[in-house]
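As written, the chain order gives the labels A, B, C, D, E and F, with residue 1 at the start of each chain.
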Amino acid sequence: MRATAYQRKLDVKNGRIDLSHGAGGRAMAQLISGLFHEAFGNEWLARGNDQAAFDVGAGRMVMTTDGYVVSPLFFPGGNIGSLAVHGTINDVAMGGARPLYLSASFIIEEGFRFSDLKTIADSMGEAARAAGVYIITGDTKVVERGKADGLFISTTGVGVLADGLDLSAEKARVGDRVLVSGSLGDHGTAIMSRRQNLAFETEIVSDSAALHDLVALMVAAGGSSIRVMRDPTRGGLAAMLNEIAHQSGLGFRLQEEAIPVKPAVAAACELLGLDPLHVANEGKLVAIVAPDMADAVLAAMKAHPLGCDAADIGEAVADNHQFVQMSTGFGGGRIVDWLAGEQLPRIC
Amino acid sequence: MCLSVPAEVAKILPDDMAIVSIDGISKEISIALIDDLAVGDYVLVHVGYALARIDPAEAERTLQLLQELGSEGQDLQS
Amino acid sequence: MKYADEFRDKTIARGLARAIGAEAESQSEYRFMEFCGGHTHAISRYGLEDMLPANVRMIHGPGCPVCVLPASRIDMAIRLAERPEVTLCVYGDLMRVPGSQGKSLLTAKAFGADIRMVYSTLDAIRIAEQAPNREVVFFAIGFETTTPPTAVMIRLAEKKWLKSFSVFCNHVLTPSAMHSILESPDIRNIGRVEVDGFLGPAHVSAIIGTEPYEVLAQQFGKPIVIAGFEPLDMMQAILMLVRQVNEGRHEVENQYSRAVTRKGNRRAQEEVSDIFELRDQFEWRGLGLVPHSGLKLKQAYAQFDAEMRFAMHEVRVADNPACECGAILRGVKRPVDCELFGTVCTPEIPTGSCMVSSEGACAAHWTYGRFRDYQLRRA
Amino acid sequence: MRATAYQRKLDVKNGRIDLSHGAGGRAMAQLISGLFHEAFGNEWLARGNDQAAFDVGAGRMVMTTDGYVVSPLFFPGGNIGSLAVHGTINDVAMGGARPLYLSASFIIEEGFRFSDLKTIADSMGEAARAAGVYIITGDTKVVERGKADGLFISTTGVGVLADGLDLSAEKARVGDRVLVSGSLGDHGTAIMSRRQNLAFETEIVSDSAALHDLVALMVAAGGSSIRVMRDPTRGGLAAMLNEIAHQSGLGFRLQEEAIPVKPAVAAACELLGLDPLHVANEGKLVAIVAPDMADAVLAAMKAHPLGCDAADIGEAVADNHQFVQMSTGFGGGRIVDWLAGEQLPRIC
Amino acid sequence: MKYADEFRDKTIARGLARAIGAEAESQSEYRFMEFCGGHTHAISRYGLEDMLPANVRMIHGPGCPVCVLPASRIDMAIRLAERPEVTLCVYGDLMRVPGSQGKSLLTAKAFGADIRMVYSTLDAIRIAEQAPNREVVFFAIGFETTTPPTAVMIRLAEKKWLKSFSVFCNHVLTPSAMHSILESPDIRNIGRVEVDGFLGPAHVSAIIGTEPYEVLAQQFGKPIVIAGFEPLDMMQAILMLVRQVNEGRHEVENQYSRAVTRKGNRRAQEEVSDIFELRDQFEWRGLGLVPHSGLKLKQAYAQFDAEMRFAMHEVRVADNPACECGAILRGVKRPVDCELFGTVCTPEIPTGSCMVSSEGACAAHWTYGRFRDYQLRRA
Amino acid sequence: MCLSVPAEVAKILPDDMAIVSIDGISKEISIALIDDLAVGDYVLVHVGYALARIDPAEAERTLQLLQELGSEGQDLQS
């Protein structure tokens, strides 16, 4: 903004968001340019329009959105900002697409610290740059104290699909393999470890990461033999596979021993009475892959740092009931069902 | 109602509290219900309290018995 | 996880399964009730059923305090939480238990009641300290395992002079319930349970010891084996039960000797007896009114008794008539025998309390085991 | 979702959002399919993937996002749902583009009534259908009571630009005309009339409307002679023209008498000590148009129902200070500045 | 809008402007002070300056209660609002007024203080009724116009038995301030104001009538014309002042006869005198301590006096030394004479209170008039 | 501090309240500070209170005077 009036610098160290920062006046313009544009820095934002334009080639695009309401906002391995970039990149990538552009909508509670906002915005900028995507348009709203939980971010991503690729749950077939890119439950465990009444110490950090590179390798290796990919976020692996089961009309049969779960994650889950298969991940993906190409795709995954612990954990089976079943490490069988209700620590 | 995990006492704190550790996670719990705990002891943790001390000798004994029974069973099969 | 992983070993399990199969006489049927929900959950979670011979059948008992809590007590808690001055602290397990009006604490919370999920009784103390102007009530529930932490909390509240803190006490006693199952005339009306032996509670016994079961084994002539909650613990205990049956014994044996002694945790017992005393009777879902089966705060701690403080009164309500929880908790029916199972009643919208806790027979079967309803039982 | 388990119907009449509706389990799946998919009904949502794919021709696209935190959620002339569709369509349209697809991210406070959510979702579906756009992907989060203000919605829109069109603030030139599509301040006035402590009765309803059709007519009439368009939302006409002034390095000179403001809006502003030029609009646009084509564009605007009160209200002038000046109806001159601080009713 | 639009007519204005130009003797300069911020705002909002001949100059007086409130009173309000038990109700105008630490009520609110913007004193009553456990304090500010609504509110609070409701009173009196401007020795140190006449307040006069100005006009030999706040009202009043000056008169004349009488609103005056009494002195920003210029609650209403209730004490603080508010409020400087104007000090982050309210000379000039600093003054 | 608008009394309510209307908007205000108001009267509204009655005859007089002064001025020019 080429303002002629001198503007006092944002007091990033001590300042806080007040209602004027959402009122559409100069204070808001200053916040946006001084904090967000600086952190995201790109030509689109610099133009200062209410929308951003970009060129596309003929083809197929994907679009996805997610709201981020994580509490606490800062957690081992990331913060709501990096998460909001990674999570939405991942949903674009799960469609098999190359993520290109993001939008970001901020809902900020009165009293929020500038310093925290800057840290978060900087994390978003960094995460976006590292992933080669641009946050090209955004919006900022401020709500009164007590009407939000510090900060909510909604990001939307668009990306382009490679020619002919059309990943979708209903494409799964009997015999398809279930591949997972790494150990499960790290993000949810890291978050829970910082919740006030659960508080425990752990070296586990969130797995929050952008998976589009890994996906590109997988697509290069497997192409359309990859039926569908999904990131097991809220509800964990269990929710994700049950969704796909219902969408495809198939069942799944998993091998518990093949599913990577870190000992500390397993321990935290035992302590809280949770199932690691219900716990959220933010840097993992699951791919349903035609059996003949499964090994090739798995090898491609293992070649990428974010897939080095990738594993083949089971297969799609014919099942009228669309059960996700699992052979337990103990030798019996069980269902892996959706999480019922909320993910609450149990005492029994 | 009785979800409980075995954990090792890592540190005794004032006010009947202690830090226990389980496979790389550690947590503060109350040890008001057990006398004379020492670092290195294993306890059953339930709703944030140590409820019982785990007796390592008995555990070993059970395990050995299990192994015997298990291999007896294996022998049965073969 | 030390003292856990070793007791989950697949190879030993396979051997043990064969040992059980070998010792169980093929012409007999063995019906063992695991009293405790911890066992029910582990059976389902590890798929233990798949490891047992067909003639050894586990019957799920009433050993889940969430499942046996009558709807009337949930109603009381909801009414309490709906008072504007009250903050109700509850264990997460209780949030979805249906009261008589189809309302749960979760929906009461959605409608505006101030309800906090806590992990430990110490959290409730913290909440009370931070909100001295609120009436903070802890919804106490559980068997002997969970009662001592409530006792410690009350002692702490007293020490900290918490003036607006109280406890809605729903603690119940295991041996009374086992007695009731074996004896109660109410049960005869449905059909006497045919149980050949009991897997005795693990963590309850860590507190009370094995001694209290001795009179039961004696009086009713049934073997009782105290078993840990790990799957190998249970298999070993089942083998021990099979042997007692085969040998015509009815003793109390202790498989879980690493944590359970004959006398239990004396310190915990004392904490409890200092603060609590027996109720004349307490209602158990499925079992009805069971004499001397529940605890209440002693007169000396009346100031901490939410039932006194808020003049709470219990209005007994009929359970959903189609819900078979009662029969299931007594072991006379199985979840699939209930026509609501998996149709109207699922863990998302449970009709009965057995569909809530993963220790409940219905929830455990739905969540982990229902695939077996559609497959041939393995030989 | 082809769920085998019987699911009790959502009790839309009496039910409320509880924490399980955001936990990634069946309750959430049911809410999403029963309420949102039903209201938005389209093939993309029906596929149930976490992203939606669509075909694009080679060319230029625009993307924009906005968060909606309006209070009250229901107001004369609309609700947060219709607003969230119109507002984002408008930001796409202001880029000169044809809006195609929207995403929607919902952040819902525990205890929110299903019935209100349904009304809002239905309004969104209706607004989208009426505008010929599709809400193709979405996300739902539930936060604890007291951590939000009922409901927040963030929508993101994408659209395609006609060949060669590149509207941007810096393209404004001295002599350009300032056109406004109708009377100012209706939306903000309607909202304020329902705020508890301001409460007044008025027949004024929000102008919330999708302007893309109007824009298409304008683009057809004026093409690239339209330098930039913008919808004067938060901060009103004043903020918008000051923004453009700063971006273009020009000043503006307005004629107060030419600016359409309804008498009731003027009266409400006098009562509250506000300036109608600071009050938000949600169905109005301002276009900066080259002088030779201004009449043609204005005529095109007037031909559309949403532009029937369109007016030429002033011109761009050379001004080092980028002042937005106005000749008052009284005959003097004044600046039209940004709103300072928040839009608060004044008593003096 | 009836009784408003008619008084904004451009054609009449043009005629009036010429009439003023014709009557103003071209060799003289006429300096009139509009005491009241309402006039200051209208002058800027309508661009009145552009209509007056060059030799008729308006000087902005101290007639904005927000502007004259010393930083110490804002500090007191912030300290009060920061008390956890207090809910402070304020008119929106006050939110951005800087206290001595660069903090305002807006930033105090952002930092967690419970501050509510109200439109009317009746809102404060409603808030107090809805939160009986909170100490609800109304931040009362304003001239004679705004005092009667505060009085009605206090009477209502008494009637409703509101036990935790009080008022932080900052009401001030117009004639005392006008007297101070004309008389105060403090002012002589900067340079005596050279004012040829006053535009008298519109709405203040609707309450107090024109009579109180008579002694001022007499004592200081300056004409005073009470004028409405519409632009034509002001132009007519200016013409009346020019005529008085030309004729050597110094009378109180009433241009705003449709709303102002000689005696004012007796009922409102009684409400005020029932509840309030004069302070010995009150600090005005720019004018310093002015004797008998402020109101406080009478002893009988001490329970409603926040200054008593919370033992509030005023710590006088120095204004920002670069801020020329003081001189501007006395009419001896103009906004552009302040080096902070438009650089460090803007309405977004005001240094002085004159930059906050749109009745403040600095804010009005910045918001509406600063373009004139860069253009040649029209002849 | 004295922002105030002229409004017409549309309805007298109990408890010294009234509805006033201004160009299509109407609002409830207090009339505790003015005696004997009637529907159709005009008042000055300030912070939700009627502060003064507007005298229509005086308003008319002022307006006529303004018109005269205005046209005198116009004449001056021409």
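Criterion: contacts are C-beta pairs under 8 Å (C-beta built on N, C-alpha and C of every residue); 3 or more make two chains touch, one makes a residue touch a chain.
Because the structure is a prediction, the values reported are computed rather than measured.
> Which contact partners do chain E and chain F have in common?
In this structure, the chains that contact chain F and also chain E are D.
> Could you work out how many touching-chain steps separate chain C from chain F at minimum?
Between chain C and chain F, the shortest chain-hopping route counts 2.
> Give the chain pair that accounts for the most C-beta pairs in contact.
By contact count, the leading interface is A-D.
> Nearest 5 degrees is plenty: how much rotation brings the CA atoms of chain A onto those of chain D?
180
> Specify the chain most distant from chain D by Cα centroid.
Relative to chain D, the chain whose C-alpha centre sits farthest away is B.
> Centroid of chain D to centroid of chain E, CA atoms only: how many Å?
38
> When the C-alpha atoms of chain B and chain D are each averaged to a single point, how far apart are the two points in Å?
61
> State, to the nearest whole Å, the distance from the C-alpha centre of chain C to the C-alpha centre of chain D.
From the centre of chain C to the centre of chain D is 55 Å.
> Which residues does chain C have that touch at least 2 chains other than itself?
Expected reply: 1, 4, 13-14, 17, 37-38, 64-66, 91, 93, 96, 106, 119-120, 123, 142, 146, 346, 348, 357, 359.
> Spell out, as numbers or ranges, the residues of chain A touching 2 or more other chains.
19-20, 25-27, 263, 266-267, 270, 273, 320-321, 340-342, 346-348
> Got the chain B residues that touch at least 2 other chains?
1-3, 5, 22-23, 46-47, in rising order.
> Using the contact rule from the top, write out all pairs of chains that touch.
Per the contact definition above, the touching pairs are A-B, A-C, A-D, A-E, B-C, C-D, D-E, D-F, E-F.
> Which residues, counting only chain C, touch chain A once they are in their complex?
Contact set of chain C toward chain A: 1, 4, 8, 10, 13-14, 17, 37-38, 41, 44-51, 64-66, 91-93, 95-96, 106, 117-120, 123, 126, 142, 146, 231, 346-348, 357-359, 363, 366-372, 374.
> Touching residues of chain E toward chain F in the complex: what are they?
Per the touch definition, chain E meets chain F at residues 1-4, 6-7, 9, 11-20, 22, 36-38, 64-66, 91, 93, 119-123, 141-143, 145-146, 148-149, 152, 201-204, 206-207, 229, 232-233, 236, 239, 255, 257-260, 265, 267-268, 271, 357, 359.
> Spell out the residues on chain B that touch chain C in their complex, using ranges where they run on.
So the residues of chain B touching chain C come out as 1-6, 8, 22-23, 29-30, 32-35, 42, 44, 46-49, 51-56, 58-59, 61-63, 65-67, 69-77.
> Residues of chain E touching chain A in their complex?
Those in contact with chain A are residues 96, 106-107, 109-112, 342-344, 346, 348-349.
> Note which residues of chain D are touching chain C in the complex, please.
Its residues touching chain C are 5-8, 16-20, 25-27, 30, 110-111, 145.
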